[in-house]
Amino acid sequence: MPHEVKLPAVKLWGGDFYNEGVTGEILFDKLKEECGVFGVFGHPEASHLCYYGLHALQHRGQESGGICTTDGSQFHYHRGMGLVKEVFDNDKLASLKGSIAIAHVRYSTAGESKLANAQPLVFKYREGDLAVATNGNIVNAPEIRKDLERQGSIFQTSSDTEVVAHLIARSKHDDIVEAAREALVKLNGAYAFLFMTNGKLIAARDPHGLRPFVLGKLGDAYVFASETCAFDAVGAEYVRDIEPGELLILDGSGLKEDRFTEKTKRAVCAMEYIYFSRPDSDIDAVNVHSARKRMGRRLAIESFVDADIVTGVPDSSISAAIGYAEQTGIPYELGLIKNRYTGRTFIQPSQELREQGVKMKLSAVRGVVEGKRVVMIDDSIVRGTTSLRIVNLLREAGAKEVHVRISSPPFKNPCFYGIDTPSRKELIGAQKTIEEIRKAINADSLHFLSKEGLVESIGHLHGETQGGHCTACFDNMYPTQVPDEETAACGCD
Amino acid sequence: MPHEVKLPAVKLWGGDFYNEGVTGEILFDKLKEECGVFGVFGHPEASHLCYYGLHALQHRGQESGGICTTDGSQFHYHRGMGLVKEVFDNDKLASLKGSIAIAHVRYSTAGESKLANAQPLVFKYREGDLAVATNGNIVNAPEIRKDLERQGSIFQTSSDTEVVAHLIARSKHDDIVEAAREALVKLNGAYAFLFMTNGKLIAARDPHGLRPFVLGKLGDAYVFASETCAFDAVGAEYVRDIEPGELLILDGSGLKEDRFTEKTKRAVCAMEYIYFSRPDSDIDAVNVHSARKRMGRRLAIESFVDADIVTGVPDSSISAAIGYAEQTGIPYELGLIKNRYTGRTFIQPSQELREQGVKMKLSAVRGVVEGKRVVMIDDSIVRGTTSLRIVNLLREAGAKEVHVRISSPPFKNPCFYGIDTPSRKELIGAQKTIEEIRKAINADSLHFLSKEGLVESIGHLHGETQGGHCTACFDNMYPTQVPDEETAACGCD
Amino acid sequence: MPHEVKLPAVKLWGGDFYNEGVTGEILFDKLKEECGVFGVFGHPEASHLCYYGLHALQHRGQESGGICTTDGSQFHYHRGMGLVKEVFDNDKLASLKGSIAIAHVRYSTAGESKLANAQPLVFKYREGDLAVATNGNIVNAPEIRKDLERQGSIFQTSSDTEVVAHLIARSKHDDIVEAAREALVKLNGAYAFLFMTNGKLIAARDPHGLRPFVLGKLGDAYVFASETCAFDAVGAEYVRDIEPGELLILDGSGLKEDRFTEKTKRAVCAMEYIYFSRPDSDIDAVNVHSARKRMGRRLAIESFVDADIVTGVPDSSISAAIGYAEQTGIPYELGLIKNRYTGRTFIQPSQELREQGVKMKLSAVRGVVEGKRVVMIDDSIVRGTTSLRIVNLLREAGAKEVHVRISSPPFKNPCFYGIDTPSRKELIGAQKTIEEIRKAINADSLHFLSKEGLVESIGHLHGETQGGHCTACFDNMYPTQVPDEETAACGCD
Amino acid sequence: MPHEVKLPAVKLWGGDFYNEGVTGEILFDKLKEECGVFGVFGHPEASHLCYYGLHALQHRGQESGGICTTDGSQFHYHRGMGLVKEVFDNDKLASLKGSIAIAHVRYSTAGESKLANAQPLVFKYREGDLAVATNGNIVNAPEIRKDLERQGSIFQTSSDTEVVAHLIARSKHDDIVEAAREALVKLNGAYAFLFMTNGKLIAARDPHGLRPFVLGKLGDAYVFASETCAFDAVGAEYVRDIEPGELLILDGSGLKEDRFTEKTKRAVCAMEYIYFSRPDSDIDAVNVHSARKRMGRRLAIESFVDADIVTGVPDSSISAAIGYAEQTGIPYELGLIKNRYTGRTFIQPSQELREQGVKMKLSAVRGVVEGKRVVMIDDSIVRGTTSLRIVNLLREAGAKEVHVRISSPPFKNPCFYGIDTPSRKELIGAQKTIEEIRKAINADSLHFLSKEGLVESIGHLHGETQGGHCTACFDNMYPTQVPDEETAACGCD
């Protein structure tokens, strides 16, 4: 049963307003990316597959990357800060021997010391080597952690993964599968877990299936990934989504399908469809691009406006903009262009140059928008600052009118399941009416997709009657117990 | 008068077939990018403006970048291999003092020794310091060079720019403007030149206006750029295109508009509209995205095919694909996705992994194309190998039919004006009929845009009755004398 | 009471024979460097002092460096692979805020994953933040570790430091001083420990004082270091050596001098005097250069040989060589020269070039040694391979005779106290007679300093009647219990 | 006939007083290193030999390194900033194909744009490819350059080498040997030149033999180097010094020994023996270490002082210090220690930390000097600031007396032959009496080696009656015409 949360908002996101992300984009108010996991069992070039798989999942995290392999008797391991292509070179990949591997990309935060948090994390415990990689967030990790500390545990990272490793090490079970099962049932949260020992690969998805997680095959080898686009990248065949509460075990005797809980209720994160996942991925058998296009079409039906052109904010809103244009017959145009070469090391313009109009990443195309009534499609509004900036870009380029259409409902509630969101106090959707937001972002009109529209655009997943999505950030109906906002350290591990 | 060329084809492009470009893309047969220039006169942060301007022109060259400034008495100078963001950091930009600057990005070739060819080139001659940056190619540079060598000149680069510097140094005129004028009239070719001394900035565009070149203002400062998108990036206002044969001089007494020749005939490179320039740029007052969209619409009229979806090869063919979709009513879809994180340092997959299906950059979206009749829009076919690969990607992802539509005529003739093209022997358009090409690329059908369609889509420039474009690569009608192909060293300087 | 060990030799040192160290030197058979620690309490530029202090201790470890500071409420932390100057830049130092700091350099091993072992290690436990840095080796760490694992502890490093952190976290005492004391008494080994919390700095030296550890003052601030040379580098004043078994505590109330055990017996590592420490350091008030010079003089007395020149193997044997020359009156010459620019990234010559005589680091000076009878002084012989190589270098350069004199007794027994030594099987001193060694290294004569000569050259420390040195590697008399060699993982933490 | 110069002193050396060199040493007033050249003819691994040869010559220049090879038909080429080991990696060396090569290390200056001046310089002229590397300085280069500019030449570097290339290109002779000969006779200066075409290697030494230059053999291959230590490094055999005015030509027909002038007078730079060259090198058959030791012995005879210890300033004064100690019987001690790990990227201490006594590179050994009367041997005094600093270091470490002995006469006159010296105004030897200098450097006594002592210590070279050395920096007797100091751009090329 969903839990409604009524809490005073606190500042979770202490970052500099004019903060630069790894991508060089000025992060006015975009949501931070999550993480991505990839795993291989039984392929002689396991580390190379991880490299290409992680590369395909790079949009899920640009802060750090890591691969841990086992050759059956020992681990080989490398992690580093930066993009996958920066972390690994041929020598490093070659040194990661073995046919079993798990790998991870992590989302962007600042500070070098975060290398300690890069995954996979690798531990030694009484049964030998253990590597863990995960995407998601354990809601009750802080309590478990406090409990473990009371028992004398030490922590070297701020990662939930380390909490789970402690649970496994302190389990009464020697067998890793039983120990993992025992640990998992103690967790409340959203996750795709990969555990590796020198002989076993174990995958687990949270009881609500909040985070995406898929199983594939490449010849005789098995592969796991956060998104199907990673399977396409390595030439693997999609087999199926891992089920909520499922526990898959691979070892010398092949694949064993098991569960760690029967208490499940599908609640796949809607934001994966709206914003996070790559358009070429399928989540629970629904293609992301197609879902976005349906959102755009539905948005057109819900909030038609007569205009000269439709444009989308690149890259995540392109699909919805095309849908909107097709539905309305208003031509779709490249009214906004993103510079592909911006990146981490980019030099920020001085305040003066910024005021003179220096732009680094996004520009409005004067030749396209000048004198036009523009429908601008975006996927979400978090604080409203980016939207204001883009509307102004269009106006400066000569747009006569700017009608903003958002392919999701107002974002009102923080996420506790692996997405780094500001507190309610900073969420414009939680603080203002739609008309107030419209004024704040300087738009001629503003409409958000309805929750029903969103749910129907994604489609009812696996025959769930209520849709099977988590839409808590829109409707405050969390699929699990969530903490008081004050105590939540809402990060991605 | 155009000159028709009938020459035996030779191999100009010796590169590895499976060559990787700076962008990490496997260069089956894409044309190599040209260069970009940027200049500033009279702004206290000239070097920073160059940085952002070059960044906006990065698509025109990723091999190297350089900025040369003058503080009125001496030059400050930095060049390096790589992207603009890699070549410069804050300290380096800060050390480039002065309010006058010229800057350059160079296209991608292999080999470190190419640093010597990075621009701007800086010389000392009897009148003092001279810096030169150019985009284009001087057709008769080899002869002039031979001539200069006979007179005892030494060359440290393979760049045409050095040839021009020698001509200036050996001029009977001491005045840099007169010396530059004397040098320019000796040249046959395509170019946008920026010359800088400690007090003057000089800009010149070739007599046919083959390469784009624009003038802008930023407050009291003047700016120059290869494309208008660089003006948007720095907040500058577009003033006008520099005219063919024009010579603009900036010094303490302001802007002087002059000409170095009256013998001009506008022939703007059509490929700038089709492929090279950024969609948000205007060339000779025609927006590139809009021109591409018109090409797509015209292509739809010329070669309609009944299909389920239209998709474009990212990024350059997206606009034409949207045009095709709008004209036909067939939905436009993201059937092909490009990985944004691929780059220079990317590790190539082994032959084995490639055969197993590992992809790095482009993937077809199964969820979108499976079971569909696909119209695939691309901007050009050079050797045909990339087209074959993309068609196969679509088929492997389940496309039922793949109809290829190219938004330009068959590419049949080498370019001598700054685009690095293979010889006729390797140009599939020069060697095969359209039906043979269709078979070679495994398409269900294939159509190229007609030359008339192309010309009308771009639009007649500045009232020229013949359109004002150079379409020599399609029709062999070169606007200037061109050399025997054997002797042509067709590079970009 | 010393413990004599009689054990079958095993291969502890699996490295490549032609292994290259961080210094670019081909490590035929030199002992591996240990680690170095540095600490500051009460100086506003604590991180900078650590930087210069570590730099002075760089000879003790070139693999990695790290600094952890506290500003009183939180830790600031950076570690990295490489030399101190490579790991830190100005920005990183500036970000390490606070007036209390501990720092560490680690010795060289191969493999990136060793970053996890770089120190200081930083933990969170029930009482808050804890940082630990140590030089030395805990002999009974494997047993304690096994015990902890049985209780459910997980380990992320192979470092003894993590073992100690677990002991502290599991202590019945909440107070860090009491918890540290409880942990220390469980340890058997050689160590200089620095512990830091957000308010305290704690230093402890093992009960035998095996590893050097000194206390100094810089104005009102206290500093700690492995060697006094680090005090000279930061302008600090030497106060005294930390006593065996001593526990020093610094917090808001100043310095508190305490002990964790009374059961001590001074046994300072003789190899620190012979080889490891910098000649400008004093250990237990004895200057290292002077001690080495006395070893050389004594060696001359014990084993005079008539010769034309004396030369030392740079850098560690220079002092002894000067002593030998002064005692004998034979001129000291630079017969061997070390290239100062060799380093980690140096390209190894091919086998062919090596055979043709390509040398990278050490060369014999023909102009000095040609036709001469040479006395070559070295500090120790481990496997004998380096000695053979240097003797041959001298012979190839024309030396008529080469008489090898070693300023220490034959190295026969592995070290369990922080020096990475091969097993007895590989120690030429354990396997062969002196005459056999002489033949193996192709010397005309060979003598080792007697143990008595060594002890007297160093001098009796602090009035100990037996000298107060550990000479177990020469005489098999270990000051503590030592494990079966098979089970010893003899590394440095 | 030597030319005496009487000129007003000007500031040639504008650098920051607290300037840091590549070596991380604070350059109070050390002379800047020169350059080094290396060449190979006829060895299949020519580029690798260059790498090891340059490495051995690294002390002659740490700013940049470069290698140019020819495979007989084309050049392969790489240059970069930094140490040889930083400029080259295995891939780069492997790409430098061919059996003929010339290579260069350049001395340290600041500023990236200096890459343009890195050598070898490579040119194309009417006869094809030409590469040039040189050590030394052409005194009349500025006039020749002006002349060439008047004729329309352009210059891309500030290097004399480019001047020589212009002369060759403008020669009436097509043959490279004749053209080089014609160019060389126009030059006034000090140099070791290596010229390379696709078939020939040419070596030339200036008519006075001011700069060292040696010929060696490695199997059938010929090698050239600035110093013999590079031959030892690659296993080559020393054949002979190249004679003043000699021109050696290597091509398919073997070695041809020729001359470009008969007007020669041997005047080998004395400073090579005193300071620049490596102690294991022989110059004109005199070993450098041995010469330095004789200087030390002679210095002891000329200026004995009763003291407790002798110490040398590392590294260049060690040999002289040993000589002094042997002559006097006063023990030689390591009173000063240099930190081996300092380097380019080292962070300078803040003014405050410097005042607190933070040292980076050189430290005095308290245990050795405390309470002692110290004789401190150094090779030269330029401005006097370094000497003052070292004397103070010794006093702070407790030295009771510090007696400074310099193993060369007072440095009074600028060098025009490739050594970067300050103007007379800044040379303390030109401005002050010896007693004034003694006070300025805070020494208890000070003596310089006499010029006769210096000359006799080096030895009369090749039977020259006047010694055959250039000692102009001491006695103002320049072996060639030298310019007015105002116009001299005294750099190394």
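The chains carry the letters A, B, C and D, assigned in the order they are written, with residues numbered from 1 in each.
What we mean here is this: contacts are C-beta pairs under 8 Å (C-beta built on N, C-alpha and C of every residue); 3 or more make two chains touch, one makes a residue touch a chain.
These numbers were taken from a predicted model, which means no experiment stands behind them.
Engineer: Which of these pairs, C-D, A-B or A-C, matches B-D in more than half of the residue pairs in contact?
Structural biologist: Interface equivalent to B-D, from the options C-D, A-B or A-C: A-C.
Engineer: Quick one: report the Å distance separating chain B from chain C, using the average Cα coordinate of each chain.
Structural biologist: Here the centre of chain C sits 60 Å away from the centre of chain B.
Engineer: What's the distance between the Cα centroids of chain A and chain B, rounded to whole Å?
Structural biologist: Taking the average C-alpha coordinate of chain A and of chain B, the gap between them is 37 Å.
Engineer: Go ahead and note the Å separation of the Cα centroids belonging to chain A and chain C.
Structural biologist: Roughly 47 Å separates the two chain centres.
Engineer: Any chance you could list the residues of chain B touching two or more other chains?
Structural biologist: In chain B, nothing touches at least two other chains.
Engineer: Which two-chain combinations qualify as touching?
Structural biologist: The complete list of chain pairs in contact reads A-B, A-C, B-D, C-D.
Engineer: Using the touch definition up top, name the residues of chain C that touch chain D in the complex.
Structural biologist: It comes out as residues 24, 45, 48-49, 51-52, 55-56, 58-59, 62, 83-86, 88-90, 93, 218-219, 229, 232-236, 278-282, 286-290, 293, 315, 318-319, 322, 326, 331-334, 337, 339-343, 345-347, 349-350, 352-353, 356-360, 363-368, 397.
Engineer: In the complex of these two chains, what residues of chain B are touching chain D?
Structural biologist: Checking each residue of chain B against chain D gives 77-78, 92, 112-113, 115-116, 121-126, 130, 149-150, 152-156, 158, 162, 165-166, 169-171.
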